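Each of the next two complexes has subunit A plus one more chain, namely subunit B in the first and subunit C in the second.
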Partner chain A sequence: MNRAHLARLVGTYGVLIALVALILFGWLRYENFLSPFNVTTVVRYNSMFALVALGMCFVIMTGGIDLSVGSTAALGSVAAALSSHFGIIPGIAAGIGVGVLVGAINGLLVTRANIMPFVATLCTLLAASGSALLLSGQTSVPVSSTSGFISIGTGALWIVPIPTAVALIAYALGSLVLNYTATGRTVLAIGGNEDASRLMGLPVARVIFLVYLTSGALAGLAGVLLAALGYAGQPTEGVGWELFAIAAVVVGGTLLTGGSGSVITTLAGVLLLGILFNVLNFENGEGWITLSAAWQSVVRGLFLLAVILLQASLTRSPQKKKV
Partner chain B sequence: MTVNAPGRRLDSFDVLEFLARYGTLIALGLLIVFNIVFTRNFATLQTLNVNLTQVCTIVIVATGMTLVIATGGIDLSVGSIMAISGALAPLIFLSPVFGDNIALGVAIAMVAAISAATLCGLFNGWLVAQFRIQPIVATLVLFIAGRGIAQAMTNSNLQVFRVPEFQWIGLGRPFGLPVQVLLMVTLVVVTAWLLRRSRFGRSVLATGGNERAAELAGIAVKRTKLAVYAISGFCAGIAGLVVIAINSASDANLVGLGMELDAIAAVAVGGTLLVGGRATIMGTLTGALTIQLVRYTLLANGVPDAAAMIVKAAIIAVAVWLQQQRRV
Partner chain C sequence: MVGGPALARGTSMADGLLLSMRGIDKRFAGIPALTDASLEVEPGEVHALIGQNGAGKSTMIKVLTGYHRRDDGDVAFDGKPFEVSSPQQAQAGGISTIYQEINLVPLRSVTENICLGRETRRMGLLDWRAMHAEAERLLGRFRVKVDVRRPLMDFSTATQQMVAIARAIGFSARLVIMDEPTSSLDEQEVAVLFNVIRQLRADGVSVIFVSHKLDELYEVCDRVTIMRDGRTVRTARMTEISKLELVSQMLGRDVAKTEGQTTSFSRPAQASDGEVVLEGRSLAAGQSVHDVSFRLRRGEIASFAGLLGAGRTETARLIFGADHPRAGGLSLDGKGFTPAHPRDAIAAGFGFVSEDRKLEGIVPEMSVAENMTLALLPRISRNGVVDEKRQREVVNHFIKELGIKCSGPGQRIRELSGGNQQKVLLARWLAMDPKLLILDEPTRGIDVGAKGEIQRLIRSLADSGLTVLMISSELEEVAEGADRVFVLREGRTVAEFAGDEISEDRILAAMAQGHITHEDPTR
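Now for the complex of A and B:
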């Protein structure tokens, strides 16, 4: 088996194997790990990150990056909380609406003004965060308790929490779009070689715009969930979400250079990082070791380090010989 | 990133080109004039000191960041490195070992904190140079883990201290000027000289301009990258010490939070090409001063900080857009 082949296998199945191994470890070691309560808590909470990571995954596959997702989610949560007093639908629409707006600005800055994605989305990160603070008057905004908005966060379809169902539907759609539509193939083509894609007549600017728009919309939707789960619009939440999302996408085996990637392994990446946290919490509960929140971020950083070193050693070395 | 402008005549005076080259300086000048006219008590030494003190740490960090960006990289970990340096120093000079010899304790604390920060930078450089990992991901590792390390060192406790020997670097006023301003000016001058006149500076720009060509031309690309990330860590280490000295306290949760964005913004507004290959330290200084003065002007005239953030975002976008209109 040659290295390139091995790299592809590890990229695709490595994260899934690690995920299964981690779940097995937790199941064998902790009594309540697979209890309905713990499972629903983990998947409910991580559905916000899953949505943000899905948008990020598409952006990264085009070779771009979206740093604004965290503050867009915060802005979305504030907008949703303010509008929740008019009913559930206006609340959801407002959250997604501001997300679409931020995404559209990102898309225009990247495609029309030719500003590097990294800088363009850095600007909207600041602007969205400022808007969230202005809109909320610098404090958290309670959601309406009478309009039923909270049920978005607390409710369940049969046994699946609504946030989780939303995330699952989004991932199913994302996977379909990536694998079976012209737009999805164009996303990968752009990431592989933007100039070549343009010369082939692919609608490069339109697809890039669409990708940032989607990322913004998903971040807004994550903000709606944030408001419903926390009973309030939270203007200062979302700090560092973009980096969590990037980490999840990378752990999921998507190369940051663009041109390749998978939606399903991104979901596995989100779950892996989320469950890693959960396992650390259980380990604290066992009392053998005490890992504070501080050590948890150290562990998360080390985990990311291990993944990128593995990716680098598997994918980069053969290239070097070719050059 | 090159931008073709087919319709533009070469011989005529080009407004965009002019603005791209001097826009930040003009903006800075206009801001100063505006403030002298409209903002009460602006033209005083105190206002100057307040603004300089606030902008100092950003400039110090942004100086290192300019070098990193000049090689085509980016350093997201500067804020976390500041937290590590800020957490480590008080742990050393407050330890009972130096009970009667506080000066020795402070000296060791400073050297250790800045060395640790430089090592963190070297680690970033190692990932980028040796494993060819994209800078944004490589420095993401320490961005996440670094603050955790700082929090773990201090158990997330606030370290409060009153040690004049140490706090001199934040509060001292030789010749009536704050020490950190002198520190900032020294760093800026030395780095500007390095970038313009030294062989190292040429290597930095060549690496950022065309890495492959630089390598073929015999430039030690790997060593250059290692060096710029180490310098960025070094600068962040100093900035971390200055921040905790000013605050008389070190809070690992807060020191340097969001600094990477401020530093990158200063570099971008200053006119350094974000894809590498062209850099200006003086520009970074001007950029940082402009952003600071915009914020000060808005706050002094009753605009809330949140709105100032939106203005800052617009300024960065316009500045970077203008930069791209330059024909180089």
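Now for the complex of A and C:
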């Protein structure tokens, strides 16, 4: 087995192994770690991040980046909260709708105006964030308590919280699209070599547009969950979500330069980062050490760096013998 | 999904041609790139397209594949007008192009690279099993057996090329354009590629083959179209045209006619006999330098002559330490010299003015003075601080000495003409007081008047004792300017001429045939 092959394996399974190890560690060390309450809480709240990371995963696989997801989610939560008074469906539709709108703008800026994704989505980040404040009057907007909108956050299908079910369905569809549709393979081809993809006759602009559109829609959907879970549209939430999403995607073994990646390991990346956060909280509760929020952030950063260095050292190996 | 190429079914085809491009005009910003150019390809033939840099080959191909829109002229494919506005449409219309740098996606699997764009589906989802089988079947036609599930980057360049061809065939291409397909292949791989090309021809697929390697053209091509200065100058069967004719048509040098002086070079009648400064013995490197030997003498202009891809620039890069030879060696003033890095070559007193001013030479936003003293800075600085007085002296000296036309040392270099930019680059190295100056295409892209000035300047530098190695695609520049000419052909030195032995005819013959003919080359 050569290094490239090994690198691919580490990229695919490394995050799963780390995830299992972390769960085992938590289970052995903390009494209530696998209690139904802790588990459902973790998976309920991380489902928002999971949706954002799924969109980010597709964007990154094309070699792009979407910085606007956090403020799009905030805007989505405000729009959903405001519309929730007309009923549960209008609430959901409004949240996703503004997400689609932001995503479409991103897509057009990148494919038509040829603006670098980093810059284009930085602009929409600011614009969406401002729009969320304007729309909400700079304060959180309560959701309707009568339309049943809140049950999106609190409800469960059998034992699975609804937000988690939504995320799982999204990931299943994402995996199917990536692995079994031409569009999915084109996403990877574009990230691998955009010029070549164009010369190969693939619909490059259309697929890039779709990817940003999807990322926006998923961020909007995350906004709907945010409003439902917090009982309010929260215009100032979502700060740093894009960084969490990028981190989860990268930890999941997707190349930041595009062309290679996986949906399932992105989900594992989300869970890994989310559970790491949870473990740090438990550790604080043990009383041995006290990690402030600031230190937790440092620990997460170092952890991320360690994973990325491992990946880089394996993928940067010199060109191996060719067949 | 049938991957087999459609056979030429041709009753509807006018005059039996698969492709006919006639009267093609194309201008870029008013400057003609193609003028009344034509190209005709018969069904099931391998057609060579050759010409020097800037002759219009690439433009012609890009017009055909819809990358450029032509200004005038007609294109017919399979007897019908062929109007496309993108390579995608050309591909759908039956014309596939395999580019010099293989344009596939290295990270993705062989199967994806072959099948993406015409996937097999079952119930709306990709049918991987069928796609893998299809990829294996297409590659199997060329006797290539690889694990098609593995990423393309795991395989050699030659295999990647086969994948590109398999992709073209999978798209039922009837005309495959190959742009210098052999430039990164070794001999065995070339042989495999040629078998594939013959297989394509047997299947009725036509190939346009762009290459600078004459022997290859004769080995695999049926006919040749020669382009020069944006025009088609000749189309002939390979069997009816000699290598010498081919090269002289390509370079526009009529072997029968001797012309007067066309450059501003003058050469002393006697070959110089200065001591040998730099010697190269049987240098080999990469895919384009195989056996190059030369001796450069003090105070003379030596020149590497050869067609594109003969290994001229590559050899110069070896001398300058930018690349490293795999065999053979250099000696400087009689002692072994192995530059590991251009720094070593500079320390030894070498200067290199590269072929591409814009890419490797000037820093456009910096001033004339800054550009000129970039390489000199360490020498005119004390504790990292530039001695501005010294800098001014040096800059003013060279502006005067070389007659650089600028508003002053502070003018930005991008505002200067090509000729004056080139002089600044020359000054950059002259300020280092070099003993060997390598000039790669020193007069390319410079107007006629400035050309003469540069040529006179190069001569006077040599007269003052500098050794100059000049690489030029302009035959007359080499023939009239150099004291000594080394002719390179496909990575090998095949001839050396000095002093009065130098003539365009002899150089041409050596470039074309690889050996010196002592008979009259017009015959």
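The working rule: the second predicted complex is superposed on the first by the 318 of 323 C-alpha atoms of A that agree within 3 Å, B and C clash if a C-alpha of one lies under 4 Å from a C-alpha of the other, contacts with A are read in each partner's own complex, and residues count from 1 in each chain.
By our rule, a residue touches a chain if its C-beta (ideal position, glycine included) is under 8 Å from a C-beta of that chain, and two chains touch if they have at least 3 such contacts.
Please read these numbers as outputs of a predicted model, since none were measured by experiment.
Annotation: superposed three-chain arrangement on subunit A; subunit B versus subunit C shows no clash, the two fitting side by side. With both complexes placed on chain A, subunit A has more residues touched by B than by the other of subunit B and subunit C.
Residue contacts after overlaying the shared chain place A:131 against subunit B, while subunit C stays out of touching range. In the overlay built on the shared chain, the residue A:116 is in contact with subunit B alone; subunit C does not reach it.
Of the two partner chains, subunit C is the only one touched by A:189; subunit B is not.
Contacts of A:173 after superposition: neither subunit B nor subunit C is touched. In the superposition on chain A, contact of A:309 is made with subunit B only, not with subunit C.
Of the two partner chains placed by superposition, A:34 touches none, neither subunit B nor subunit C.
Between subunit B and subunit C, the shortest distance over C-alpha atoms in the superposed arrangement works out to 6 Å. In the superposition on chain A, no residue of subunit A contacts both subunit B and subunit C.
Taken together, the subunit A residues at the contact with subunit C in this complex read 4, 176, 179-182, 185-186, 188-189, 191-193, 195-202, 255, 259-260, 320, 322-323.
The part of subunit B that touches subunit A in the complex is made up of residues 1, 3, 74, 76, 127, 131-134, 136-138, 140-152, 155-156, 252, 261, 264-265, 268, 274-275, 304-310, 312-314, 316-317, 320-321, 324.
Chain contact summary for the complex, subunit C toward subunit A: residues 87-88, 91-92, 97, 99, 103-108, 112-113, 116-117, 119, 121, 124-126, 128, 146, 154-156, 159, 167. On the side of subunit A, the complex with subunit B involves touching residues 65, 109, 113-116, 118-120, 122-127, 129-134, 138, 243, 246-247, 250, 256-257, 292-298, 300-302, 304-305, 308-309, 312-313, 316.
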